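Okay, so chain A shows up in both of these, paired with chain B first and chain C after.
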Partner chain A sequence: MFAIAMAVSLVFLSVSILVGLYRIIIGPSMPDRVIALDAIGINLIAMVAVLSVTFRTSAYLEIILLMGIIAFIGTVAFSKYIERGIIIESRRGD
Partner chain B sequence: MKTNNLLLQSVTQVVTFLIFAFSIYLFFAGHNNPGGGFIGGLMTASALLLLYLAFDIQSIKKALAFNYVNIIAIGLIISLATGMVSMFLGGPFLNQYDQYVHVPLFGEVHLTTAVPFDLGIYLVVVAIALVIILAIGEDA
Partner chain C sequence: MTFLHWAIISPFLLAILIPFFYRYIPKIHTGWFVFILPLALFGYFMQQMLQTTSQGGVVEASAPWVPSLQIFYTVYLDGLSILFALLITGIGALVVLYSIYYLDKKKEALNNFYVYLLMFMGAMLGVIISDNMIVLYVFWELTSLSSALLISYWFQRDKSIYGAQKSMLITVFGGFAMLGGFAILYSITGTFSIQETIASADLVMASNLFIPAMILVLLGAFTKSAQFPFHIWLPDAMEAPTPVSAYLHSATMVKAGLYLVARFTPVFAGVPEWFWIVSGVGLFTLFWGSLSAVRQKDLKGILAFSTISQLGLIMSLLGVGSASLYFNDGVENALYHAAIMTAIFHLINHATFKGSLFMAIGIIDHETGTRDINRLGGLMTIMPVTFTITLIGAASMAGIPPFNGFISKEMFFTGMLEAMEISAWNMQTFGILFPVIAWVASIFTFLYCLILFFKTFTGKFKPENFDKHVHEAPIGMLISPIILVVLVIVFGLFPNLLAYSLIEPAMQSILPGVMTGGERFYVDIYLWHGFELELFMTMGVIALGTLLFIYMKKWSSLAIYKKESDILNPLYDGSLSALVTGSQKITRAQITGRLRDYLAYMSIFIVLLLAYTMFRYDAFSMPTENISPIPGYMWVLVLLFILTTVVVPFINDRMAVIIIVGALGFLVAIFFVAFRAPDLALTQFLIETVVVVLFLLAFKHLPNLKKERTKPRIQVTNAIISVGVGVMVTLIGLSSYAFRQENGLESISQYFIDNSYELAAGENMVNVILVDFRGLDTILEVLVLAIAALGVITLIKLRMTGREDV
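Our next item is the complex of A and B:
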């Protein structure tokens, strides 16, 4: 019963990632693709959480936090590139 | 158009400390749990990268006056010196020692010489990641 619930949630998360992938491929503008990538990252975090429950281990819990940090920094970098055309400014105010 | 980074800068001021704490946790958890010098160094580098993203190179250079190239050298020296200590004590190169020590506040602590070796790896990883990113990101 428990394994079935985990498998069902993994299938739903996979479907959600596929929908995000569709938005990345079709997405008419660049911000659409960035947001879809962010959503896929969040879904991957959820999949890691479900897998760590399935395998009955706490060894993956660091990976959850790590993927959250990496997804945040990547999204910030992408959005700054889209808005400014430059990711790291050398001087403030230009 | 005058742009405003207030939201990003406010979030960064909180999140950077969380990432620093997480990286230090990963560094010290490396002996018995997933973690270690490499991933801890990458997390510290990503915390500093978030600072560089939210602010600018000049401000961060004023706040953190490190020369990252020197930090690479310091990390390599720490790792090599840890390996060579065992040569002076009669063992082979990179031989490691461990001991259970009673520390007043923490109780029984398992001290190993793998920690300073990992510290060298940590410093090298942080500095190399930031040297690469800043060399690419800094415009002439």
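Our next item is the complex of A and C:
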């Protein structure tokens, strides 16, 4: 019963990633895609959590933590790029 | 290292000193210093001949060069070698003497000339005295090299360079073929020594590589000796100074091929292939050369084709003589080894009269400034000595008694008539061709000798034809041709002088084992044969030749006479330029400068190679056992992955591509999670994000993705290639998995599982492997990162400005 619940949730998560991918591919605007990528990242976090419960291991908990940070950084980078056209601003301005 | 070894090396040693003589003793003509050496060597070889080889003895000595490869600097002096050694040193001395008067001390670069000439002399001595095939080959190529240097002596002239290049290409081609032949012989017999190869000739004969080895060695001989169709370099080599033409291109180098054929006769002869190739090519060359010589308008051109023709004559005699190794019967034997005797005799005769003719023509060129037979004429009373020399030389070449050419021509006819009688190898059907071709060629020979002589010396002397004041040559220039002409007469009147001193020992070397137990060949050469068929043939030659010359006006207007150049020359030039343009085309076709083409080549060849290998070893297999069950969510993940990948090529927005690639990276990471690799997943997430950020960093500088408009054909090709690569990699993955299953190969990971805590005190096995068991790889990967970082810094910081060159 528990295993089935885990499998079903994995499938749901996969479907939601699929939907996110649809948004990435189709767009139409760039923010749509960035948001979709961010959503995929969050879905992946959930997926890792479900998998680690399925495997009965705590080895993946660091990954969850890391992905939270990484997905944030990615989204920020994209956002900044969309807003200013550049990620790292040089003080010297060159 | 015996004295004989040093005798071969001595010209090279002297060549080192020549520039110093030239530089520091400019008052004396450098040639005088050179002159001493061939004279001394001639004396030495004379003494060797009288003491050893004429008694049937040989001198043999060996010094190691590369003993581990069986390459020994072995010298072997027998009857055949001494004959050539005497020619090389004797004519060498005469040519040096002649060149002293021919080449001006102030105007010419004598240091170059004599260095090349000495190099050639040493190389030629090495060719004929070496017993080791590799050493022979080394000296052989040295003769090609020094010959090309001598031909291009006046390197400011385009024709000299052209002639040198042509002779180099052709003779080096033959040299390489010969090296191949030697390699095959080595693989058959296991030795590079010629004498040992002769001793195991049966082994060679029985081998199925016999024919290739024979043809390759003969290619070397034919290219060097200017046999048809490789004769085309010799007329162009006439751009060399006349002493060089006299020495290299009449008396010595072009006879190296004859030497090779004679030397390898005991190894290869006695089979129909050898007989037909050697005598057939020889006869055709004889005919072709004499016919072409008639058409020449340049005196040296006549002599060049005459040399070709005479070399063909000697070659055909060597071919006919090889029949004597086929018959065991002593009587039949004797018929054919007379041909070998004639070959040797004519070889000596040719060296004498051709050398003198070249020198005489050099004198004419030197004193009148032209060699064109249409401008020359009436020199008889102005240059009486040169006139006499040319008369005797040409008469000997034409085969008029009492000169030595007459004797060898008579004997040549005898040999060709006897060739008809050979009772094997289809000679009953084709044998009649031999004397007929020989006879026709002799008529042409007679004709060009007449042209050469009468066009130069008779008629009216017209001073306005010449740029300089015409007069007889200085006495120094005349000494050498006079000596040679005296030899022509002496050998003509007393041919038996040579019989047992030179000719008989040479025959012993060419036909070993024919005479056994101290027997010697019966060599008796008469000037007068009696009223035989040969004599009437000679009469016919003289009569018809004279007739043709008298009616020259009639046929000299024919087109075939007007065109001087050989028919094969356009073929050579055409194929050479076709080679150049063809390779340029191929290069341009494949080196397009576009990376996508190169990538396509690589992918295609990898796919083809792998597919062939798998097909060849029948490695296609689909393993079915021991496959883990696939959990349901994996299907969905795989589907997602495939979908994302397939979409990438169809996106036109670069930003979108970056985002999709990022998503792909995340999916790879989730695969790592699913396959229980936490460290990999961790790293993958990090790297993926960093890469995406880096892409964004560079994004500003990247152009927009454009839809490339390519032909559908190319698109289809690209699709096929990419599908092929994918399918191939998949197949290999499956195949290798099946291989592992079938052969029960065990993974070594059990060791790490057992020992990672025991030996390395770590529970994270991946990390233990990275830093303990396989730490070296990690160090180098750190290094890679460091180099990449430094590379990025250099690329950004160090910008070449326009002026600096990389």
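Here is the rule we go by: the second predicted complex is superposed on the first by the 91 of 94 C-alpha atoms of A that agree within 3 Å, B and C clash if a C-alpha of one lies under 4 Å from a C-alpha of the other, contacts with A are read in each partner's own complex, and residues count from 1 in each chain.
In this text, contacts are C-beta pairs under 8 Å (C-beta built on N, C-alpha and C of every residue); 3 or more make two chains touch, one makes a residue touch a chain.
As the structure is a prediction and not an experimental result, all values here were calculated from the model.
Looking at the superposition, the partner that touches the larger set of chain A residues, chain B or chain C, turns out to be C. Within the superposed three-chain model, A:Val34 lies in touch with chain C and out of touch with chain B [touch as defined at top]. When the shared chain is aligned, chain B and chain C each come close enough to touch A:Ile70. Contacts of A:Ile24 after superposition: chain C is touched, whereas chain B is not reached. When both complexes are overlaid on chain A, the residue A:Val15 reaches chain C alone and has no touch with chain B.
By the document's definition of touching, of the two partners only chain C reaches A:Phe78; chain B does not. Of the two partner chains placed by superposition, only chain B is touched by A:Glu89; chain C is not. By the touch criterion defined above, A:Ile45 lies against neither chain B nor chain C after alignment on the C-alpha atoms of chain A. In the superposition on chain A, the residues of chain A touched by chain B in one structure and by chain C in the other are 59, 62-63, 66, 70, 73, 77, 86-88.
Chain A meets chain B in the complex at residues 59, 62-63, 65-66, 69-70, 72-73, 76-77, 80, 83-84, 86-92. Within the complex formed with chain A, the residues of chain C that make contact are 631-633, 636-637, 639-640, 643-644, 647, 651, 653, 655-656, 659-660, 662-663, 666, 669-670, 673-674, 676, 678, 681-682, 685-686, 689, 692-693, 696-697, 699-700.
Residue ranges on chain B touching chain A, taken from their complex, read 3, 8, 15, 19, 22, 26, 29, 33-35, 39, 43, 46, 49-50, 52-59, 133-134, 137-139. Those residues of chain A that touch chain C in the complex are listed here as 7, 10-11, 14-15, 17-18, 20-21, 24-25, 27, 30, 33-34, 36-37, 40-41, 44, 47-48, 51-52, 55, 57, 59-60, 62-63, 66-67, 70, 73-74, 77-78, 81, 85-88.
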